[in-house]
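Quick one: the structure is below, questions incoming.
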Amino acid sequence: MARATSPRRKALTTLAAWSVALVIFFPVLWMILTSFKTEPSAVAMPPQLFTADWTLENYAEVWQRSDYPRFFWNSVVLSLGSTLLGLAVAIPAAWAMAFVPGKRTKDLLMWMLSTKMMPAVAVMIPLYLVFLKLKLIDTHIGLVLALMLMNLPIIVWMLYTYFKEIPSEILEAARMDGAGVFKEIAYVLTPMALPGIASTLLLNVILAWNEAFWTIILTTTKAAPLSAFIASFSAPQGLFYAKLSAASTMAIAPILILGWFSQKQLVRGLTFGAVK
Amino acid sequence: MGKITLKHVNKSFGDVAVIPDINLTIENGEFVVFVGPSGCGKSTLLRLIAGLEDVSAGQIEIDGTDATDLPPAKRGLAMVFQSYALYPHMSVRKNIAFPLKMAGMTEAEQEKKVQNAARILNLTSYLDRRPGQLSGGQRQRVAIGRAIVREPSAFLFDEPLSNLDAALRVSMRQEITELHQTLKTTMIYVTHDQVEAMTMADKIVVLNAGNIEQVGSPLDLYHHPANVFVAGFIGSPKMNLIAGAEAAKHGATTIGVRPEHIDIAAGGPWSGTVGLSEHLGSDTFLKVEVDGIGTLNVRAGGEVNLRHGDRTSLAPQAGRIHRFGADGKALA
Amino acid sequence: MSTQSSRLAARVMVAPSVVLLFIWMAVPLAMTLYYSFRLYRLISPDRTGWVGFTNYLWFVNSPEFWLAMGNTLALVGGVLAITVTLGILIALLIDQPVKGQGVLRILVIAPFFVMPPVAASILENLFMHPQNGLFAAVSMSFGAQPILFLQDYPMSSVIAIVSWEWLPFATLILLTALQSLSSEQIEAAEMDGASALNRFRYIILPHMMRAITVVILIQTIFLLGIFGEIFTTTQGGPGSASTTLPYMIFKQAIAAKDIGRAAAGGIIAVILANIVAYFLMRGIGRHLDA
């Protein structure tokens, strides 16, 4: 039960909370506003919050100068592909860890997480060479694999925490009812854990979408996603603020929109399943 | 058919023998209740029969064939879980049909069997609801429905009534008993509640620390407990157990007298002070501090008018004194 | 609590994940280890051979190394301190009865959706830039000189950028934990005469411990490898002022084209990560048992 608070106090906390939220959000807002300005008004001193001569020209030019649809499509393929593949590998593993735990389950889980602690830069060269050898550089399949393996520990861990909330009696009932392991997972566990699986999917799509190390190292053109696209727009000398903002907005807009539409699952996913 | 035989069944978790060695035969059509305090191994024993746990040693035979290494689905048994274990994302109809679907039965056959089960269990009007929209008793019935459509050779119940309130527990208890009378299928029922055991069972198996203390009909256990443990466990209120000089007078280490077998009689051999008296109308439960013996529970008639602090004399009924030796076993 | 067949099934089910992750980890690691003992320069590919610990010794004796170690720890520690502290404060604020809590929450988590190169270049150019940045405009409107963020405070600037990226995550987890605290507990503490500060100290903070643990664990995993933000903004400079261990390795590999040295640095980074992981898992792992 929330307790009644005085209207005055509520107004004050509302004001404070909104101020803080706007400060945190402001860089994103400023970027979006700048993307609609002309280059001169983007660097005008003093800065203008809104501009009279707002324009779509920056978007048009970014669109013209680079093959945005291809980068966008690559981002979709890589983030969704790696996450779906990761789920396919991780669901059985998480089932085993959650419902048939052994003495070493916890250690195994921690080991998996610890593989993520290895700095990517440290193994950059060998991995590049391996990819070169296997002809996986700048291919969808290579990047999907790399992103999948990068996020696999997180996926396993999140699924494990969601699965553990499901009483094992229900799975035992399915076993008594004649379901084998795969039917048990397909008909009972997966539907019951659907909200958790959706959260895991969303979060890992975002992590893969925003990944900007391997995607840049291991691609050149064909399979390069939006994170590589934006890298090519960096380092302007003040003159290209509006276009930089437009390109940046285009790179993050899909995820921002996805985030707004799937708030509930996403908020749950963002906690990595670790907090209820 | 549903005859289940356990031969030298042993279950250990690591170094801990939860069930050291059990031999037991459950006849076809019997209603058998495993009863005992929590941690006595009764649920483990049921899960061993179900195949949800492996035996560490020994054999489980179902209808004369060795089922020790069979997976749960192949044993022809159905189980009703303590939490009902209904599939929350499926309607009642789909819940009940699930084992049939797993067995590869056609939709039409499934529907026929579901309808039949629903009729027996009064669930017909709830078939399209989800488990979350049902009351505790209805959920219980769905769980039973899911078990009966498979036409198993035996039903296993794991404390199925412990999540229900007291009134519902009594009526569900009667429903399950009636179901057994209709289906005449073997049922194995695990509970810690000796009232459920007494009221439902053809045969009670009393377990303690993984060992069988006694097997017998309810009245058998009530009248002829084989040892101190069974004597104290079966019967409500509990049997009074008296050790020391009073027991020695009867040539035993411990003697036991049930509260209902002690009369309030002027000139009785035991005299004491009433500590607590509970007047229920039909009965009066007394706690009497008896000189030289200790506290005795007495179940007297409703019209007895003794109050806290009153003096009274008690007499055990002739032939109703149970005698136990130093090893806790009953003396002939 | 299981049967032999289900334990066997479990092993089969875990196997793909374990095998894949093992290959993903072991193959590059083994190769890195191999190169770290080799002379391997892209400028002079003909000269190869075993060099023992030379690459390691160069790395450890380089004055940049200790600076980079310090910077790495400053980055991880600084971001953790900022995000956890601010995260707790903001969570406490948003948890109050506030109008429009849903929209508020989305605004606060928005930075998490921004990919690191975008976050870094936006904050660098639109905000921290000494001529055209918003902060410069604010300084000048007060008649002060603009602060040269990336010049004079490179490490702090990087920490600020990374903190902005990770603050939403910390806030959200802590807020979720806060919302699961029953108000009866707070009311009971109030009845017991606990002041607001004491309620925070003895009731709220202990309740959030697990969430704080999760924040530290997950953020450390990501922060140890931070690279893109530095690459986009300071390039490790000026000089080596904002060079972290990963960035130093990167410079050896790409700028100096010395794969052997970079590999030695990689192994050192892996050892460091393992030491951190060990203490993290030991100190924190027990909090994770639900």
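Order of writing sets the chain letters: A, B and C. Residues in each chain are counted from 1.
In this section, a residue touches a chain if its C-beta (ideal position, glycine included) is under 8 Å from a C-beta of that chain, and two chains touch if they have at least 3 such contacts.
Since the structure is predicted, the reported quantities are computational estimates derived from the model, not experimental observations.
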Chain contact graph, described as a line, ring, star, complete graph or other shape: complete
Farthest chain relative to subunit C (centres taken as mean CA coordinates): B
Between A-C and B-C, the pair joined by more C-beta contacts: A-C
Chain whose Cα centroid lies nearest the overall Cα centroid: A
Centre-of-Cα separation between subunit B and subunit A, whole angstrom: 54
Distance between the centres, which are taken as Cα means, of subunit C and subunit B, whole angstrom: 57
Euclidean distance of C-alpha centroids - subunit A vs subunit C, Å: 16
Shared interface positions of subunit B, touching two or more other chains: 52, 71
Of all residues in subunit C, the ones touching two or more other chains: 1-2
Touching residues on subunit C, where the partner in the complex is subunit A: 1-2, 6-7, 9-11, 13-14, 16-18, 20-21, 24-25, 27-29, 31-32, 35, 90, 93-94, 96-100, 102, 104-119, 121-123, 125-127, 129, 131-132, 134, 137, 140-141, 164, 167-169, 172-173, 176-177, 180, 183, 210-211, 214, 217-218, 220-221, 224-225, 227-228, 232, 245-247, 249-250, 253, 259, 262-263, 265-267, 269-270, 273-274, 276-277, 281, 285, 288-290
Subunit B to subunit C touching residues, read off their complex: 51-54, 71
Subunit C residues within the subunit B interface of the complex: 1-5
Residue ranges of subunit A touching subunit C (in the complex, touch as defined): 1-3, 5, 10, 13-14, 16-18, 20-22, 24-25, 27-28, 30-31, 34, 43, 45-47, 89-90, 92-93, 95-97, 99-100, 102, 106, 108, 110, 112-127, 129-130, 149, 152-153, 156, 161, 164, 168, 181, 206, 209-213, 226-227, 230-231, 233-234, 236, 238, 241, 244-245, 248, 251-252, 255-256, 259-260, 263, 266-267, 270-272, 274-276
Touching residues on subunit B, where the partner in the complex is subunit A: 50, 52, 71-73, 77-79, 81-83, 85-89, 98-99, 102-103, 146, 150
